[in-house]
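To keep things simple, chains are lettered A, B, C, D, E and F as they appear, and every chain counts its residues starting from 1.
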């Protein structure tokens, strides 16, 4: 069983750290392949960065789908909390694709009536709120909060990021009636266990959640439905720099 | 790792069949303990039967929580598609509790934009619709359909139940724009794989789904939040036949 | 005309006080029969207590439905603000059944654009929020607030409970744009008139509301529909201690 | 106890028939005063007719509020299923005001999970759907159907109106999973009992429902909140033909 | 191209000021005819005032629809932020009708994820919230706030109204995550540009918005659909003072 | 006044035809610049094609924002009914950006209570439904229908596409209570006027709608708020083939 974890930004140290977080929870028989595209932004902070991450992410999927050991791939994890490119990825792959945002929301719904989300920057709040509405889980989310810490500061153990996240968790428990906390960035994966101990409520990381959900889908032989919006792309011509990405018959 | 699967009705052959379905998908290290309460209805078809199943179900949880190997219990599965007694069970247990209805809805949401549910009797449709609204996933469900087959007929290989279920699946794909199908009764667990092959879309069984989700929560050390509605029951006196069920300090 | 008011907890002094509140508003021709089950929790504070109250409540309904003067029963009131066991009770009875929670929400909707609810404990807030969503009236409720007073303290005239409730009402008017207040516990029935005078807005008690609504349904000969989710239970075997509760043909 | 029932259209025979329907269900001590304004449309079929009915309706309220026996008025019923002018009427009166549409929706919600509405003309469907959304009860309504019969044809015992209404009820039970039927026009009040017997489900008339709800509010001393949108009109000048309708200090 | 802008209150100075605001943004070829009815309240502050404004507003529409240059009318603007009488006006006119409230909400939705509304009085908040729900745009509105300034004070350059509005805008940006501000009263039209400069976010006035939207509909030859709720009124008799307003065949 | 209309697919004949449709409705002073990116799919049919269109679309925006006459640009139109890349485009541009899908939905809401959408392929239905939910206008849409005609067939006057679209419109009027029709593909722009005449209801094309809405925003000096999710991209490094697209300070 192989799970391809795709960090859609291009920062290899980030990929590596996320890969470790994934391996820490993967089942004994699960191999985690953590990759990131060669082209695109070094971090994803808002819709613009997202847009330039998606072709690279789809390229990683295409590369794995066409590889010799494609048959061994149980599924894909998209390791950005915005679930960057999730819909397109589902069209592209035969194996299931799970975003770390949706994964965290679904598991949080199993251990708490309501959860609050703590993300990095205020500019990412609307995207997460939109996702919650689309997934249907907005009513389970008390509030999406921003700690106002840059994504890459999470790579720096000396940054005040962790303290700021803790402050928002405290506020969520006090003001939102949140029963659990979802950490709203892949780069926060390491913090979940410690924060859960500190605050005495479930603190949920999306990377770990997505790994277990892909394993679950794999064990049940569940793949993305091709009957509607996630049908395989129709064969057609793509022009210019995307010519080789064109879907073929 | 041990998962206690509780069939809340009192039909042992049903319990046994569901236990087999659970074992078929459980991870190598997972032990499935399938039980049912000694007291209550032989099948659950509507709110009245549900109500008389809950104390027995909570009794099974209490028995396991107080047993010598309680520490080995990863979580509980409630194996009735109504998610009978789920809220009370979450209050009662330290380990997480997952209903097979919610489990199927959550996994279906990961492989399809919209799903339809095929349950047994029309009288169960409102309860499932209510659950979908509460879970937040009503917008993901195209329609809850009833095959109008009694629950226990699913134990009988000669009943026309499977044919009726197939007819409703065909109607769901044709009329509801459903991209996946959720089977709305624990007793339909055996049918998922065959129906998925027949109709070419994901067909999702709640028993298998719940087993994998409890394993996932266990691997992530996620337990039910005790910070709100699922707080442990307050110690108090219970009178009469429930005296021994009273929560203590 | 007889209304059977069932306090689903087992505290007789509570039953008696609620019965008085009901009689105070009943029409001249209405006889209030206030009962409580012999078995179960002495108060209902959360989902676990609720679950152990329902069989006793259904037992009271069965006893009255099978009594000599069943034909004189206009309807049933469930006198716990969680509307404990409401769905099952509707399946069990021929006469209509009204919960005090829903009764208060419906009448509040006739005299105010938005209302806030003041309940006893924070752990009960999620259950009330769920009920509001199911009834469809969540959009009419500005907020469910908890005064953090135990249910049985409402029986004690020297407790600080009334003062705490007043503080939450003041906060609701100031912060929630609430135009009316719903008291979220049967034990608060006595307080409604005084609080309404004090705060100058409608303060609505569910016990009184439910009595008038059952009288209304009775006058219009409206009974619970048996066409869907509230159909009479199917005849079947119940095992063990619930054998005698089994629905028969 | 006096209830002022206002038919907002100007057809006296309609008023008289509705008044009879109200008296048939009123409590012994309730006096029904059925009136209609002297100015405005002879029937209300759509938003335009509605608009010209409201000042007349408010005039009737003003006349009664300023009359010698104003203190004896328990409340007002607006006897058009669109709940014509309900918000303005609530501002104008000290006593509570109930529309027959909302009344029927609220009582239907107490005896059925879902109801369908059968109104007169297709052009009225959007107004009723809007009301359901505003009241919060849209989720309880399976569908608003139109029998395509003119309002005043309901005054004619030889019209095919009753047959058409029956056909729509049959369709609602077959196609909508409706568990109860709400009759969507004041002029259908006489038909409820017969249709309920014919179809075996609750069939709910708004006129009768509103009378009982006003009696209920009266018995509980509940009046419209003046704390928000229903505050008494601010004193100010009205020009021209409405000069005498101006609110004064 | 002619746009008839109807101020539904009867204060001519208000009409004149709104007319100027409209002319300031109208396209070169657009003639603005600003009118108000002769009968009704001098300002609209709540549902009661609204009700007495509608016949006058419909009278203005009728007068223009029947005038010699009716064919030159591109559409109507209802210049009260409550969108007073919008539904009835749409039935009455062949040309499209746009309310300034809806106009502002729609344009705000094109330049911001979420907006807050600043209206005059708290009593108007529920009406605006209802409109947002009906239009479908409630999810785009973070909060409706009241500056608690009377409508006609906006005509007085020395009133503290502008300062109060500024305070609420500041609060909306700080507390609501609003990305844009909608000014909730026709009388605030002059303030939009200055407040937008001061706060650095789009501040949207409904009068200007509605003028541009009517011009847009006109350029596209889009008129109100007559296929449903906005069908032309059925010909019928109106009695008394409204006899001449009766729709004819 | 210049509007840059971006067809996000790479078929120049399509761009040219859409540009003509835009010019046909543009105001006298409006210059339409119709462009398409050099790289990407020749048509957009589903999420995968969408993803590969966005960088090209953003490239066109960057090119115009950095051009000598950037100050003359009133706004951008995204001429694909999926509103491809709308959020990212709003981050990238100072001038407002309007998608043709949202434009049509907003204008349809001004002339009809409910509309149905007729799009090309069933696989596009979920994306349009998602957009409607995000925009808040889902409650205004009766149904999204697919004519099952390929996008590029709309370029061929001999294809059966127009007939199929007409059949779906007829079905929408008959079955959905739709009062207006929205054409769900840029390539259908030419058909609106003829279909509106044929079916007697407003038939709305998004290209024309978006042109008028950008003109409206321009006339009111309304630009995208930079206060939240549409803030300008943070300056950062983009690697590889997207290096030159990186936002700078």
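The working rule: a residue touches a chain if its C-beta (ideal position, glycine included) is under 8 Å from a C-beta of that chain, and two chains touch if they have at least 3 such contacts.
Bear in mind the structure is a predicted one, so any value in this text is a computation, not a measurement.
Colleague: Approximately how many whole Å separate the CA-defined centres of chain C and chain E?
Modeller: Roughly 44 Å separates the two chain centres.
Colleague: At what distance in angstrom does the C-alpha mean of chain F lie from that of chain C?
Modeller: 52
Colleague: Using mean CA coordinates as chain centres, what's the chain D-chain E distance in Å?
Modeller: Taking the average C-alpha coordinate of chain D and of chain E, the gap between them is 29 Å.
Colleague: Enumerate the residues of chain F that touch no fewer than two other chains.
Modeller: In chain F, the residues touching two or more other chains are 113-114, 122, 125-126, 133, 139, 177, 228-230.
Colleague: Specify the contact topology among the chains shown, as one of line, ring, star, complete or other.
Modeller: Basically it's none of the tidy shapes, so other.
Colleague: Which two-chain combinations touch?
Modeller: Chain pairs that touch: A-B, A-C, A-E, A-F, B-C, B-D, B-F, C-D, C-E, D-E, D-F, E-F.
Colleague: Quick one: in the complex, what on chain D touches chain F?
Modeller: Touch residues, chain D against chain F: 122, 125-126, 133.
Colleague: Which part of chain B faces chain A closely enough to touch in the complex?
Modeller: Residue list for chain B touching chain A: 25, 27-28, 96, 98, 102, 106-107, 109-114, 135-140, 173, 177-180, 193, 196, 200-202, 204-205, 208-209, 212-213, 215-217, 219-230.
Colleague: Which chain C residues qualify as touching chain E in the complex?
Modeller: 113-114, 139, 177
Colleague: What part of chain E is in contact with chain D in the complex they form?
Modeller: For chain E paired with chain D, touching residues are 10, 37-43, 45-52, 54-56, 58, 85, 87-88, 90-92, 122-127, 130, 133-134, 228-231, 233-234, 236-242, 245-247.
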